[in-house]
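Per-chain numbering from 1; labels A, B, C, D and E assigned in written order.
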Amino acid sequence: GQYSDDEIRVAYLADMSGTYSALSGPGGLEAAKMAIEDIGGSINGKKITIVSADDQNKPDIGANKVRQWIDVDNIDMVAGMVASSVTIAVNKVVEQKNKISLVSGSAASSITNEYCTPNSIHWVYDTYALAHGTAKAVVQEGGKSWFMLTADYAFGHALERDVEKVVQENGGEIVDKVRHPFPTSDFSSFILQAQGSGAQVIGLANAGADTTNSLKTASEFGITQAGQKLAGLLIFLNDVHSLGLKVTQGLQLTTGFYWDRTEETRAWSQRYFERTGRMPTMVQAGVYSSLMHYFKAVQAADTDETQAVLQQMRDTPVNDFFAQNGKIRIDGRMVHDMYLAEVKKPADSTNEWDLYKVLRTIPGDEAYRPLSESQCKLVQK
Amino acid sequence: MISKSDNPKVLYGVLLGLAILAPLAIYPVFLMKVLCFALFASAFNLLLGYVGLLSFGHAAFLATGGYITGHILTQWGLSTELGIIFGTLAATALGYIFGKLAIRRQGIYFAMITLALAQLVFFLFVQAPFTGGENGLQGIPRGNLFGLISLQDNLSMYYFVLAIFIFGFALIQRTIHSPFGQVLKAIRENEPRAISLGYDVDKYKLLAFTLSAGLAGLAGSTKSVVFQLASLTDAHWHMSGEVVLMTLLGGVGTLFGPVVGAATVVSLQNYLAQGPLGSWVTVILGLIFVICVLAFRSGIVGEIQKFMRKNFE
Amino acid sequence: MSQDFVLETQGLTKEFKGFTAVDNVNLQVQRGHIHALIGPNGAGKTTCFNLLTKFLTPTRGTILFNGKDITDTAPNQIARLGMVRSFQISAVFPHLSVLENVRIALQRKLGTSFHFWKSERTLNDLNDRAMELLTSVGLESYANTVTVEMPYGRKRALELATTLALEPELMLLDEPTQGMGHEDVDRVVELIKQVAVGRTILMVEHNLHVVSHLSDRITVLARGAVLAEGDYETVSANPQVREAYMGTAAEEDAA
Amino acid sequence: MTELLGIPPQVLFGQMLIGLINGSFYALLSLGLAIIFGLLNIINFSHGAQYMLGAFAAWLGLQYFGVNYWVALVLAPVCVAAFGILLERTLLRRLYREDHLYGLLLTFGLALIIEGSFVHWFGVSGQPYAVPESLQGGQNLGFMFLPTYRGWIIVASLVVCFGTWYMIERTRLGAYLRAGTENPQLMQAFGINVPLLITLTYGYGVALAALAGVLAAPIYQVSPVMGSNLLITVFAVVVIGGMGSILGSILTGLLMGLIEGLTKVFYPEASSTVIFLVMIIILLVRPAGLFGKEA
Amino acid sequence: MTSANRADYEQLRLADLHAFYGESHILHGIDIKVNRGELVTLLGRNGSGRTTTLRAIMNMVGKRTGSVMINGRETLDVPAHQIARLGVGYCPEERGIFASLNVEENLMLPPTVRSGGMSLDEIYDMFPNLYERRTSQGTRLSGGEQQMLAMARILRTGANLLLLDEITEGLAPVIVQKLGEVLTQLKNKGLTIVLVEQNFRFAAPLADRHYLMEHGTIVEEIQAHELQDKMDILNTYLGV
């Protein structure tokens, strides 16, 4: 078949040192390397090489890096991609240069909505799914009035928008909201405002350190004792791990992956653990899964030519430890089951990484925005 | 080297030759980035090195140039040159306003006022509807030069950027060696004396500040066209700090110092980040600055000049 | 008007937080005079000087220059009107050449000082005039020296040359001989005599030797107010002045 | 219920109290900066990193040596100060005669090194540090629930700040410090060991930062970037207060905390910008800052 | 009585003293000897190195070689801050008044190095201007008042070897006269004084000896009684 440079060149772009590095970062790179090893280091006799870089969560750095990778290093695809703002910028370049991007880190549902491109696939989760998992569950359990605490940037805005819609659809209301600068180290006054609002639920539309700080502050001000409930709308395994169960117990969250769910997830995660000393987040698992799917498509199509590979990827359902029967839609959304989980009580946890109890599986079609509501330019109506 | 530096014309010729041939060996987009930052640092140096004013808010001009040009090119569909000219003018105007407010203060207070003003500008860019917030202003078209030459091609874009850089650099060089430059020098040397000779020093500083802001804006406008993106990074105070570092690293008050400093910093950021030392980039940058401050205080170009003076005079 | 005053103050007063440093001073400097301001330490001479040159704002009172009220005029404007101060601490541009120092003062009149697009070579037209001025203070051989490298006394001379370039009507000198050795003192006295031709000079000076040799008229300040006024003989004969300021030194120094 | 500016008074007072708490951190940090700037003429850009080191020292101590909060409160500042003193003796010392730009640059480089290393070792997601047993819980003040620990922060930092102020403005040692700031050589000629004085002062300034770090550990996450986020704001506080003014940096720290708190009620997006707006206005009206002496 | 109180006790001795500022070599081998209770002057043109000599004694120059004996003790390796403790008081040319301290704090600043210094009252008696302005910020004083303050504050410390640089500069003649009287008093109390002066008329009647400096070396030593005879030498060097 046809292979550019006689090699398959992949790239990994993520926040390697900043706020989001623990949930993606070097751990995601390790997952990518596992995928390369597992496929045998080469496909159809063509060697696989990988480059990686730190985008520092800055759109300009990410986009420039990818532009250079494509111009100079002739990469065929890029995986990883964390901050939504970076992803949207990178996807523009990737589209312009006709390469492939597999997005595992970002959350904003706009990536496959108003910013969709034919060259990108959004793999793990998105804000729509988060809203339809966590927020919906909370409203249905009776948390009708909400106070939104939102990170004041693209991702927070998207999450806030998706959550508002879900809450209203399910008969709840948003009584008030406040946007905090990104990042913020002190949440006390926001928490105080949330407290003053009298809402039943405080929805945290932020991520990483912002979420962990909000949670800690809330516990300090006795929010839960006073009868209000917290909904962390985007919580990663490492957040819970670092905050500890005492602070986070009972928190409900939506995730695209949890290591201790099935035999396959445990087996893969165990291998990952042996290499990194940590259990994988959904993003890190997603990096492996998305790359593996890509490699298999290259293998099957026997080329690394963009459109051929993309076609092959779309035509094949995703079936691995990460997703069962996942399918890639025309707008770039990889639709797969999501899970509503609850953080365990310290007493119920048997080891350091025994953190979640999966409450419910949310079927993919319910979790993700239906194409009928899509604004993506690729979707024919 | 010696004979070259004895005759600046020869030196300039050689450098120009190198600049024209460079994209054959080096990735043009990287070179364009270097040129943009070199112009930015040179503009900053006009202020710090030749007027003695440390602005800690120069990012605001870089960003203003970038955003305005980006907005014009994406929304108004004007030609690339016009977009850049308007971006530059906007930064110049902003520079005038900053200057008006800050110029009466000195030293650290001047630095802090410029920082504070730049923070307000940053806030504006975060909040304003047209900037795309955190996402940045994306998909700026490179367009055609004079409606003829497509700039989509990296090489033609490169020569366009090189021309802009040379224009900016020549303007700075001329400013320094102009009657105006003489007065600036006098002000830096002994301000009260310059006042007593009847010079309205604030006006001179203001003009210098405005010029510097305009050139910084030019760098930002050009950069946004090259990368087809204007983002908050350019407006963040880190950027204001970075340009100080570039300038000091290369050599304050030397013509080529900022250029060398910018090239060094940009290369480090570009090439170090992808190597095995990836997660140590910050640490390595930190180390370099520490070493520079301790051992090569006049910056790279400054030290070379000192060395030449010592050994060949 | 019977007498022609270049500079006049009326009721000039400066208060610092309840302390009156300059107290209702009426000073009249006659055209063509060398006028000295003397007085004991803390009498308010420097403050007075700073008021006249706008480095301080008066609490009360007016300052008239050629009959025009300049109490609220900006310092650089005053310089343009023809009243120029020289500084107590040597005021030169240390890293410019001696010639350039003088040229800076000449340059303003050219009207190209904001022209950042012109070559500095256009300034060479001023070199002849600058050399003339340097010659007049005996610095012609130093023209291309970097100013820092000159001895102290010469810097003073350069400063005078620079000031003269502005063709001031009135020059204000603050302790022009402070910190100088005897030789230099004499040279500066000579210099001041030279440049005083056709101008008015107001100076603050402690060296009675200098005062007695140069001044046409002397104002003695004490505790912020005028204690005595007149020529050297009159003033030095005043018992109050002797007690507050001169002590028994007067006769020796005037010698 | 009556409302002030459309806000229930409970919320308003609550926010002001919260502001005061943040202000306490600003005060401690800007005090340290002001002292260091005053005596060493160095704009200590590594102040944020040193604050972070304080928090990390407490965290590491607890994690690996079982050092409890109260011991850490003393030990961490001492350790970080010792580290600071080492830096001062080996590096900063060489720069005293240079333009303070170089001090700024050096300390900036140091901050990059320190923070970069910690990011490499610990990642950026914060490490938790529990509120000490005896300071858990809180008081219902009627208009708000004040966690005991936050109350403690206000008290502790006020005591430390005003103690420091007293020492500098009212004692002989303080007079040496102030004079040493202006003319170290002459102080030396008067028989005062200025290098030692400088070293100790730097150590003290750093210790204040580290102390703030320890105080912060239980309420913010202990993270390598916790300091750099705060630093630029603290600079603004120092300048608004008037560079080198001890009292100015303390009072302004508290005041800016309050203003920030209020902004969070009315226009939260601007809360990280408002201090800069205040700074511009203050400097235009009072060029030397609120408490600074005009040159 | 210890030897330290004998009249011929050698309080300061410089031998082959060289001093440098960075790379510039300023003093080229100075030899000076001052006995207890003597007042000697250093005369010379601007830039001849008089200030540098005093600063070298205080270890305030970049580098120095040779020998500086104070009270019979070699001090070349003594750190700057310990020199004052040997009983040396230094009044710098540029006065060195501290802006952040008020007048009284300035006065009280230098630590006492020996007993027997003047009391605050005595000082205020001598300089009433200072008493009047005692709560003002130090640098708000007029030039002359600052000069008084700089001089006064080392009289408080009890130092018995005074290094005074141009103390009459900028002072009104009456004050200069008074200072002359003060110096005579101090000398009579047994203090040793090294005086750098431009004002020869002021220095001449006070001094026991004069050292004439030129280009960083001592070119002439003149005893007080030889002054008349050597007027011409002074003339060539100083233009007196």
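Simple rule for what comes next: contacts are C-beta pairs under 8 Å (C-beta built on N, C-alpha and C of every residue); 3 or more make two chains touch, one makes a residue touch a chain.
Bear in mind that the values here come from a model prediction, so they are computed numbers and not experimental data.
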{"item": "Chain whose average C-alpha position is farthest from chain C's own", "value": "A"}
{"item": "Centre-to-centre distance between chain D and chain B (centres being mean Cα positions), rounded to whole Å", "value": "33"}
{"item": "For chain D paired with chain E, centre-to-centre distance based on mean C-alpha positions, whole Å", "value": "44"}
{"item": "Interchain centroid distance [CA atoms averaged], chain A/chain B, Å", "value": "38"}
{"item": "Sequence positions of chain A contacting 2 or more other chains", "value": "17, 152"}
{"item": "Per-residue multi-chain contacts in chain D, two or more chains", "value": "116, 119-120, 269"}
{"item": "Contacting chain pairs - touch in the sense defined above", "value": "A-B, A-D, B-C, B-D, C-E, D-E"}
{"item": "Complex contact set, residues of chain B against chain C", "value": "171, 174-175, 177-183, 185-186, 189-190, 192-201, 203-204, 207, 211"}
{"item": "Chain D residues touching chain E - in the complex, by the definition given at the top", "value": "172, 175-176, 178-179, 181-183, 185-194"}
{"item": "Chain E - residues contacting chain D, complex", "value": "58, 60, 79-85, 90, 92, 96, 98-101, 105, 108-111, 113, 157"}
{"item": "Touching residues on chain C, where the partner in the complex is chain B", "value": "53, 74-77, 79-80, 84-87, 91-96, 100, 103-105, 107-108, 110, 112-120, 122-123, 162, 166"}
{"item": "Touch list for chain D against partner chain B, complex", "value": "43, 91, 94-95, 98, 100-102, 105-106, 108-117, 119-120, 232, 235-236, 239, 243, 269-270, 273, 276-277, 279-280, 283-284, 287-288"}
